[in-house]
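Each of the next two complexes has chain A plus one more chain, namely chain B in the first and chain C in the second.
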Partner chain A sequence: MNFEVLIASSIDGLTLGFVFGLMAMGLTLIFGVMKVINLGHGPFIVMGMFAVLVLSQNLGINPYVALPIVIVLGLVTGIVTYFVAVHRVINAPELTTLLATFSVNMMLIGALTILFTTSPRGLSLELPSFRAGTITVLGTRVVAVLIASLVTGALYAFLYRTHTGKSIRAVANNRAAAELMGINSSWILALSFGIGTVLAMVAGSLLATLFGFTVLSGGGLETKSFVIVVLGGLGNPTGALLGGIIIGLLESITTIFMPVSYVPVFEFVVFILILLFRPNGILGAR
Partner chain B sequence: MATLEIKNVESGYGQVQILWGVSLKLQPGKLTSLVGSNGAGKTTLLRTVMGLLPAMQGSVHFDSRDVTKLSPHDKAQMGLVLVPEGRQLFTDMTVQENLEMGATPGSARGEYKKNLEWVFELLPRLKERRAQVSGTLSGGEQQMLAIARGLMGKPKILMFDELSLGLSPLLVLNLFEVIRKLKAEGYTMLLVEQNVQMALAVSDYAYVMANGRIETEGEAKQVREMESVRKAYLGL
Partner chain C sequence: MKVLTSPSLWIVLLVVLAVALIPMIANLPALREELFVLLMLIILASSVNIIMGYTGYVSFGHIVFFGIGGYTGFFLVQTLQMHVALAALIGGGVASLIAFLMGMPVLRLRGAYFALATIGINEAFRTLVTNIDQLGGAVGMLLQFSVYDAYGGAKEASQLAYYGIILVALLTITASFMIKKSKFGLALMAIREDQDTAMVLGIDPARAKVMTYAISAFFPALAGALFFFKNGNIEPGPAFELHRSIEALVMVMLGGFGTVTGPIIGAFVYERLRGFLITDPTFSNAHLVISGALLLIIVLFVTAGVIGWLRQQSPVLRRYLE
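Take a look at the complex of A and B:
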């Protein structure tokens, strides 16, 4: 086998893995704080893709410069979604929150299809590539890794250094006790849902700088997020990043040997193996 | 100094009513205790007062303001603080982070540093453990942290649910000493205890609860001498 192909694929997988990790962090944060599995995750990723598309193609803003706008959009979208669809069922059994977020999924996909149709889209973005010998790394990949790392770092600084961030961890840990301390837990849950949505949308925007996409791209990415989240341990953001990198690497290396269409099969084999042997994730207790 | 008045409160869980017309008043600057055997409804009353459970009937007044329908966080922001049964710490967070969370109320934020020094003085053990994850503390240390966390919120009224439960006699003595100090500082407090002897010994006023009703009330000294109380709770 060609050694250089392996190296190139590994770099590809690693860079993609950071973005996958960011994407899965959105899902795992929401689960960790409120024990809700957000089935609207896929459409949120797609909203990030289309937000950056509209901002760059229709309004002429550079996709990277558009990211702060995507962040604000994500925060608002997530908070509104929480109060409209999730808050009233937050204490109901899991099936109810699954159904609630599934309706969000259906409505968003419907609305996005009306607005944008399901035809393929792509950003036109030219960045210089990095070359070493015969190996080339695209500039968009490098920037995606930088931004994903930056956002992850910012998330951790927020959760561990600020009073509001610590309040999120407190609510995740013991919601009733947090209320007794004077923490408005409904607001904290809404904010957490907003941050989870931001992570999904920013990951979507970054993916849009790497690949073509459609309104329906969210489905596959959502299942990929689930695999990553389970791999990293439910509710564990560090685990999600690590899981994202592992899935990114697995994906790009397996495609050297197999057709791309086998990738989901491979991912779900990994998923099942983890559920069987490490149900709390690679970082979790056995 | 603050007062709390509970008027004819009825409450329970779903269809099951536990409290039947409970009335209770905390006098400003006084230590009041609520005693009664396991399952009498003491915790249910505290949960209803804080708004963790809705009151079916009756009302709760804080400084003569009706706060019955307010959420727990609004009450905590006003200075009504409960140190809950079973401690309910943020077990994944450090001692210091727990104390920071206790200092969430607007009035407590600005005085965080000063209050932190004060609770570390009152409970020096916590200072040594400030960087430790609270779930790994011993039972006694956890109870100290629960008290300290409550104190960080600049309470006007402090309520303690089963401070002494599951702790060694020496630790219980230590914690009651802390309560005595807080009383000397003028706090209005409610002490809910199964340890009837200890509670009556430090309190000014006492209520005895049984089967979701207030059975007896009076000056703690008098309640201690009552024949029914001596037989049922003091084993005399």
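Take a look at the complex of A and C:
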């Protein structure tokens, strides 16, 4: 086997894995705090893609400079979605919250289809790439990894170093006890949903700088997020990042050994096996 | 079987049968196509309700059994020239067997973990079938037209499939009713309310759940075999379409979780509404937005669904409306 091919695809997978990890963190954060599986995750990712598309193509803002705007947009979208669709049923059985977030999915996909149709889109972005021998790393990939790491670092600093972040962790741990300590849990839950949405949208924006996309790209990315989240343990952001990197590496390296079309079969079988035998993820205790 | 003499069941069966026979008597092929889809949705929604409504296990990827039945039936009709009725039955058997084998480990999971696992199973089957060349891979299979000759032509084959789907729909409704009214059904509902307490009362939850899962896998598989036989082609995408699976859950919620007539009403209302929204010029673009908003309103405010709400209104309805 060619050693350089292995290195090249490892770098490829690793860079993609960081973005996947960021994407899955949004899903896992929401589950960790409020035990809701957000079926609107895919459309949120797609919203990130189209937000950066509109900002860069129609308003001429550089896609990376547009990211703060995407973050604000994500926060608002998430908080509004929480109060409209999730707040009333937050204590209901999981079917109810699954269907409530699925209705958000339907509405967003419907609205995005009206606005943008389902034709394929792409960003035109020219960045210098890095070369070492036969291995080339695209500039967009490097920037994507840097931004993904930056956002992850900011998330951890927020969760562990600020008062609000501590409140989020307290609510995730035990909502009733947190309320007794004077934490306004509704607001914290809404904020967590907002942050989850921000992560999905930023990941979407970064993916838009790497690949072409359509309004319907969210479905596949959403199922991929499920796989990553389960791999890392539902509700565990560190696990999600690790899971993202594993899936990224897996997708690029396994293609050397098996046909590309078998990779998803392998992924979903691993997904089911992890759910059955390590439901807390590869990092979690048994 | 005392439950089989219950008027509540017979009224429902007769209404469904009467509506289903209209296109055959009045000779309306377009309406027949519409009703075929409606009956198929009734089968899907009622089957999902058997596992979800009675035991509380949200089978998100239930469409996997529709696909398995469809592919098994199609393969047998295509390669062995088997009669479609036999092929569908074998498809149902295969789906039930797979549900039984997978159910044993997967039904140990609770809540969200189970829902996620069923999504994973559906995706695993979809991607696996895409890779099997004997089943046509990603492009699927096309039925040779000569296959229909054994049934007297394409028109007759299509009619046969329609009678078949009526029969399967009636069987599904009957099974749903019988389970609900039996001691077995009571055990399932005990599991739904509190699995640990049910266990203390001497119910074996693992066995009851696996059996229910296998039963609920049987009917969608029959529907899948008939549907793809009538269509004449099968592809992995439409056979294992997760979206349709979620739509079946929506129908159950719309009509009434855990009721027999609920999924039927839910399937009818959902399908009519979607048909109206898609064909109406003012709404056709926004049909997803409108159905999403309606779903949200139902989930947030009418949690019991249409039938559940009616049952809450009067004791008479509670007695006769199942």
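Heads up, the rule we're going with is that the second predicted complex is superposed on the first by the 281 of 286 C-alpha atoms of A that agree within 3 Å, B and C clash if a C-alpha of one lies under 4 Å from a C-alpha of the other, contacts with A are read in each partner's own complex, and residues count from 1 in each chain.
Here is the rule we go by: contacts are C-beta pairs under 8 Å (C-beta built on N, C-alpha and C of every residue); 3 or more make two chains touch, one makes a residue touch a chain.
Just so it is clear, the structure is predicted and the values come from calculations on it, not from any experiment.
Asker: Give one of first, second, both or neither to describe whether A:P264 is in contact with chain B, with chain C, with both, or with none.
Answerer: Only chain C is touched by A:P264; chain B is not.
Asker: If you tally the residues of chain A touched by each partner, is the higher count for chain B or for chain C?
Answerer: Residues of chain A touched, chain B against chain C: more for C.
Asker: Can A:L22 be said to touch chain B (first), chain C (second), both, or neither?
Answerer: After superposing on A, A:L22 lies clear of both chain B and chain C.
Asker: Quick one: classify A:N174 as touching chain B (first), chain C (second), both or neither.
Answerer: Touch partner of A:N174: chain B, not chain C.
Asker: Per the contact definition in the header, classify A:H163: touching chain B only (first), chain C only (second), both, or neither.
Answerer: In the superposition, A:H163 touches chain B alone.
Asker: Which partner chains sit in contact with A:A92 here, chain B, chain C, both or neither? Use first/second/both/neither.
Answerer: second
Asker: According to the stated criteria, A:S185 is in contact with first (chain B), second (chain C), both, or neither; which is it?
Answerer: First partner only.
Asker: Show which residues of chain A both chain B and chain C reach, each in its own complex.
Answerer: The overlap between the chain B and chain C interfaces on chain A is empty, containing no residue.
Asker: So in the complex, which bits of chain B are touching chain A?
Answerer: 50, 52, 71-73, 76-77, 81-82, 84, 88-93, 97, 100-102, 104-105, 109, 149, 153
Asker: Using the touch definition from the top, list the residues of chain C that touch chain A in their complex.
Answerer: Those in contact with chain A are residues 52, 56, 58, 60, 105-106, 108-109, 111-113, 115-117, 119-121, 123-124, 127-128, 130-131, 138, 242, 246, 249-250, 253, 257, 285-293, 295-296, 299-300, 303.
Asker: Using the touch rule from the top, collect the residues of chain A that touch chain C in their complex.
Answerer: Touching chain C from chain A are residues 31, 35, 37, 39, 84-85, 88-89, 92-96, 98-100, 102-111, 113-114, 219, 223, 226-227, 230, 234, 259, 261-262, 264-265, 268-269, 271-272, 275-276, 279.
Asker: Give every residue of chain A touching chain B within the complex, in rising order.
Answerer: Listed in rising order, the residues are 163, 166-167, 169-170, 172-174, 176-185.
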